[in-house]
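There are structures below to look over.
Look at the two complexes coming up: chain A is in both, with chain B in one and chain C in the other.
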Partner chain A sequence: MTIPGFIVKNALRNKRRAALCVLSVAASLFLLVSLLVVLNEFTNPPEDVGASLRIAVRNKVSLATPLPVRQRPLIAKIPGVEAITALSFFGGKYKGEENTMFAQFAMDPEQLELVFGEAKLPREQLEAWIANRTSCIIGVDTAKRYNVKIGDKFQLIGQIYPVDLDLTVVGIYKGTTDDRNVFFHQKLLDELTGDLGQVGMWWIKARSPEEVPGVIDRINAAFTNTSAEVLAETERAFQLSFVSMWANIKVLISSICSVVVFALILVSASTMSMAIRERMRELSVLKALGFRRHELFAFILAESFGLAAVGFLLGAGGAWLLYSSVNAPTLTGGMFPTLDVTPRILAFSALVAAVLGVVSSLAPALAVTRMSVVDGLKTLD
Partner chain B sequence: MTAAPIVQIRALTKIFLQGEINVTALDSIDLSIESGEFLTLMGPSGSGKSTLLHIIAGIDRPTRGECIVQDRNIAALNESDLADWRNQNVGFVFQTFNLIPVLTAYENVELPLLLTQLSGKERRHLVTTALEMVGLDDRMKHLPKQLSGGQEQRVAIARALVTDPKLVVADEPTGNLDSHSANEVLDILRTLSRDAGKTVIMVTHDPKAAAYGSRTIHLEKGELVPN
Partner chain C sequence: MFSLFKYHLRSVLVRWRSTLATILGLALVIAVFILVQSLAAGIEKSSSNTGDPRNLLVTRQGALAETTSVITRDQFNIIRYLPGVARDATNQPIASGDVLIIINLPRNNGTGNANVMVRGIAPTGRALRPQASLVEGRWFAPGKREAVASRRLAGRMANLQVGQTFKTGGVELTVVGIFDGQRSAFDSELWIDADEARSAFDRPDYSSLLLRPESDEALLQLKKHLEGERRLKVKAVREVDYYKEQTRTAGPIKWLGNGLAIVMSIGALFAAMNTLYASVGARTREIGTLRVLGFRRRSILLGFLLEGAMLSGIGGILGCLLALPMHGYSTGTLGWETFTEVVFDFQITPLLAAKGIAFAIIVGLIGSFLPALRAARLPVISSLKAA
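Up next, the complex of A and B:
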């Protein structure tokens, strides 16, 4: 027999209680990891490979205020700009759905490869899209969700624009962090809306990451004191500007996380206290046999820590396995393109489990070390 | 039996605080126990016999006085040194056996050896020898619940002997046993004293059990009763 073996035997002496304790830790850590994943998806949207080169340009007044088409040639001439496309959020509903969970954008099809290079689309499909003004390409996740194939009709009911779109699917792309979006021709939108000479945003690709700050400064400066001042920023900054809208959700999720951890500590502390109280006499016998206070303290700590560690492996490991293997858009009804259990989240839940192991065993361990052998032997006699 | 005292107790007093009242459990006890002696302590409940045993065994501390065991004043040792001292010098046998229920007979006996630097092979030899001495070498893999009361107490005696201590203390070791098992246990304790030279100190209420000892002393109200 070894000391670790002795600790394991003690931890498993009441198998049902140990199993329930481990399961409660596992369930709570699974919930904690899930909440942290959701929080992470809200606050740290995934970044595409080409994001470091992309610049989003929107109207300085608000995202909902359009930009004049006349800005395009001026921006294209700015040093450091490699490609530019219009990008107008359509915001329609698919076939009268109450909540459509994919976005639709009008853009310049010729610029797709240049600006959004990570979108993998077969050459013939890209050419078919460029050639047909009433066609669209859709992300592979949306295609799977609605069982849409090339050649199918794809109808979108306008909610922002007073027009409906009757598109033909000519391509299915994949490879971006959000393979749900639908892209169609900006020219089609212009035609249907009476050619207002406006676009939602400009989306730009810089020549190199080093040139991005300079390009942003030059674009912002180029339209200062015009009727349509712009706000140019990196794609990352643009995405994070949405995060502030989630402030209350963040507070809510953080609060739930805190409550989960607190409840977990109470449950585990109660379990450990019961487990140790039952063994006061045995622990006193160990003292009589020559085991020192700090050794008994370490036994109890190791036992509690071990149960918490197994709970962590089951709970956090289970969450990692689940979210790595499921299709996130399907699981979340299209709300999140990914559910990423990051190393940071795993490390945090491991820390919670470790703290749990220590805190829950602290009171019973101290009680044991302070108790005299004689009192311990008398207590349960 | 050798003449050298293994335990010397001088003016030993133990006072407990029960609520707000001081209770004198031992009152200026003077006692000398020689090496190899089988001493039995008798007396009514509350007479202080278990308290005296606990102090000699180093699991309780006196309020005043000296308890010198093998030339060491154990009352002066700190907690950690006292734990080491108990592991190396004292074997315990309790009334309720106090075996660890999740460990086999072999593992229970091995428990005190986990605190030593002995190799696995050396530990195995000592555990096997101790279990053979109490006649339980065929019950090594049994859990306590699979043993009878007498067998459990013999495992407890093997656990007390495995570190080869000079002193074995037994607190009413036959209190939970039938007469047959009690006699077996008492025989073993007597053999330890007579043949192995161990000093055995046993607390008992039972005059028949006390008769196994080489000397009996009586306590009453915390004082030794003159023979």
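Up next, the complex of A and C:
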């Protein structure tokens, strides 16, 4: 019998125990990967292709305070600004729904290609949208979810704005990181709310990535000490400001992660060492046959390492398969557009599994190497 | 039966190492379950703890929260002079138009900014909310750009201690006092004078209207009248009911807590089964002896189930104890209705603790069932021969 064969035979001699061991490691690693994925989505939201050129401008008071429309020509004139669009979060409910999990924005349709170029929309649909003031375009995910086709009505009940929208779908786009959003005319919103001369935000595209910092400084400076001071920041910084709002939830998830890791090591290490304690007599026989201490240590290590590795494959691999095949927005109630098991997360859970393998073999291995052959042979199960 | 129980107790103690690992593992699962659920309980408590049942809150129809509601000055004047609204000593209606503004402020621990709810409030509004009591400094004086912060908020945000100033919307506000909202939603707010808020943030209208009807009957009548009046387009609810509804944030947290508990307990379940199988295996001869002494199969089964339940019960209690130090610890996250930071406490309620322990015992019973069955089914003679 070869040495690897011996190790495998040993690991599987109590199949039920090996299976339970692997399953408990797998369940814990599955959980660990899931938590890390959620944490990653919180702290590291996905980035669009055009993000490096985009600048978000909001009212300095907060996102909930609107900006005056008169700022548009002033910003458009700032050197380095290539395109500018209004972007107002409508925050309505889809007709008949209690919680609507896709966002709706009012914007300037002519600017869509210039500012949000990654949203791919057939030319004739874009032209139809620009031409029709009461029309909207919707992301492909929303279209699928509600089974909405071009030409259908799309009704939204206002919650932030005291108006309801009765829109016609004229286009379905895809290609952004969140293909759920709905866009309609800012002009329509102005009309319905009685031309307040306000927009939610400005979104700007800079001419080149090098010019972004300068443009941000110039926009911020342009409105200092006016009645509507602004905060311009990169799209990334804007996204991360949302992350900051989640506050202690992040800390909570990371501390749960560490508790899970600790509980996992504790429980699995105890079961694995139990498996080896039962085998003291055999190990003494091996010792008597002339196997060296480090060889015995290697046997034990290889066995617990192997069990942990199978657990890792099942748990982390299962999580990876699951999250890459499910529809993330549906599963999370729309909280996360994607659930990405990144190589980093896989590497980290592999590391945890490896540590687990080492730790659980440590105590019994030490006991074996220290024990005298005679004592070991005397051990009863 | 008692002697059998004693036997199990002793066996558990003899195998203290694996027993301890099982108990501790389960205790950690339960601690996580309780902690996450106590967050949801904290949000619910702060919501259900807010307001006065005698008050009626009027908001715009369709508005999700006070922050997105608008009550025009005309509406304000119509509503507050309606019959049924209580009057004060000077025969003025007891009604307060509040202005709610979301402002973005830096945290005091340097981890970025958060949205904070500013409530522009009139003296009547303060009287209508006796829950918020001043604990430091004084109340703001109108027209002097002064603000009063809740104690919990002041503990989380930069520049909100008495004497400090912060800038927002082109005005500089000085904090002159700290109030305690007594674990209500007001603990997440910053209060300033209503008229000052309207001028500083350029708001022609109010956000919401809080009023005190003369009696409970008057409240119901006013509510009916306001909601039946189509021109006003307002919604009127008891203040307490409004806040009770503001618990959407707790939903995903509960979901997270349950999900975590289930997956973690599956892991713990397999490990516990392993331990118990091993202990049944090691005790084969003892079990045979018990059978010879006249114990029935079902007693053996029951004994092992009891052993599992006992271990997991201890794990559950330990889990509660592990979680307990976090009780009352103040924390915060983004509130889904208001889009502002809600500050609340971990609330480990007795119900939650009981749920945790019950959950642990269920896990223990499930985990010990198969090993117990195996123990009960051991053939007497061959088990006596076992090494």
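Brief remarks follow.
Criterion: the second predicted complex is superposed on the first by the 379 of 381 C-alpha atoms of A that agree within 3 Å, B and C clash if a C-alpha of one lies under 4 Å from a C-alpha of the other, contacts with A are read in each partner's own complex, and residues count from 1 in each chain.
Everything below uses one rule, namely that a residue touches a chain if its C-beta (ideal position, glycine included) is under 8 Å from a C-beta of that chain, and two chains touch if they have at least 3 such contacts.
Keep in mind that what you see is a predicted model, and the values were worked out from it rather than measured.
In the superposed pair of complexes, A:V374 makes contact with chain B only, with no contact to chain C. Residue contacts after overlaying the shared chain place A:L23 against chain C, while chain B stays out of touching range.
Between chain B and chain C, it is C that contacts the larger number of residues in chain A. In the superposition on chain A, no contact is made by A:E118 with either chain B or chain C.
In the superposition on chain A, A:L289 contacts chain B only, with no contact to chain C. Residues 381 of chain A lie at the contact with chain B in one complex and at the contact with chain C in the other. By the touch criterion given at the top, residues 1-3, 6, 9-10, 12-13, 281-282, 285-293, 372-374, 377, 381 of chain A touch chain B in their complex. Contact residues on chain C toward chain A in their complex (touch as defined above): 17-18, 21-22, 24-25, 28-29, 31-32, 35-36, 39, 60-64, 67-68, 70, 101-104, 107, 111-115, 168-170, 201-202, 233, 248, 252, 260, 263-264, 266-271, 273-275, 277-278, 281-282, 331-334, 339, 341, 387.
Taken together, the chain B residues at the contact with chain A in this complex read 54, 57, 59-60, 79-80, 83-84, 86-88, 92, 94, 96, 98, 100-103, 107, 110-112, 114-115, 159.
Residue ranges of chain A in contact with chain C, taken from their complex: 16-17, 20-21, 23-25, 27-28, 30-31, 34-35, 60-65, 91, 99, 157-160, 162, 225-227, 229, 231, 240-241, 243-249, 252, 256, 259-260, 262-264, 266-271, 274, 278, 333, 335, 380-381.
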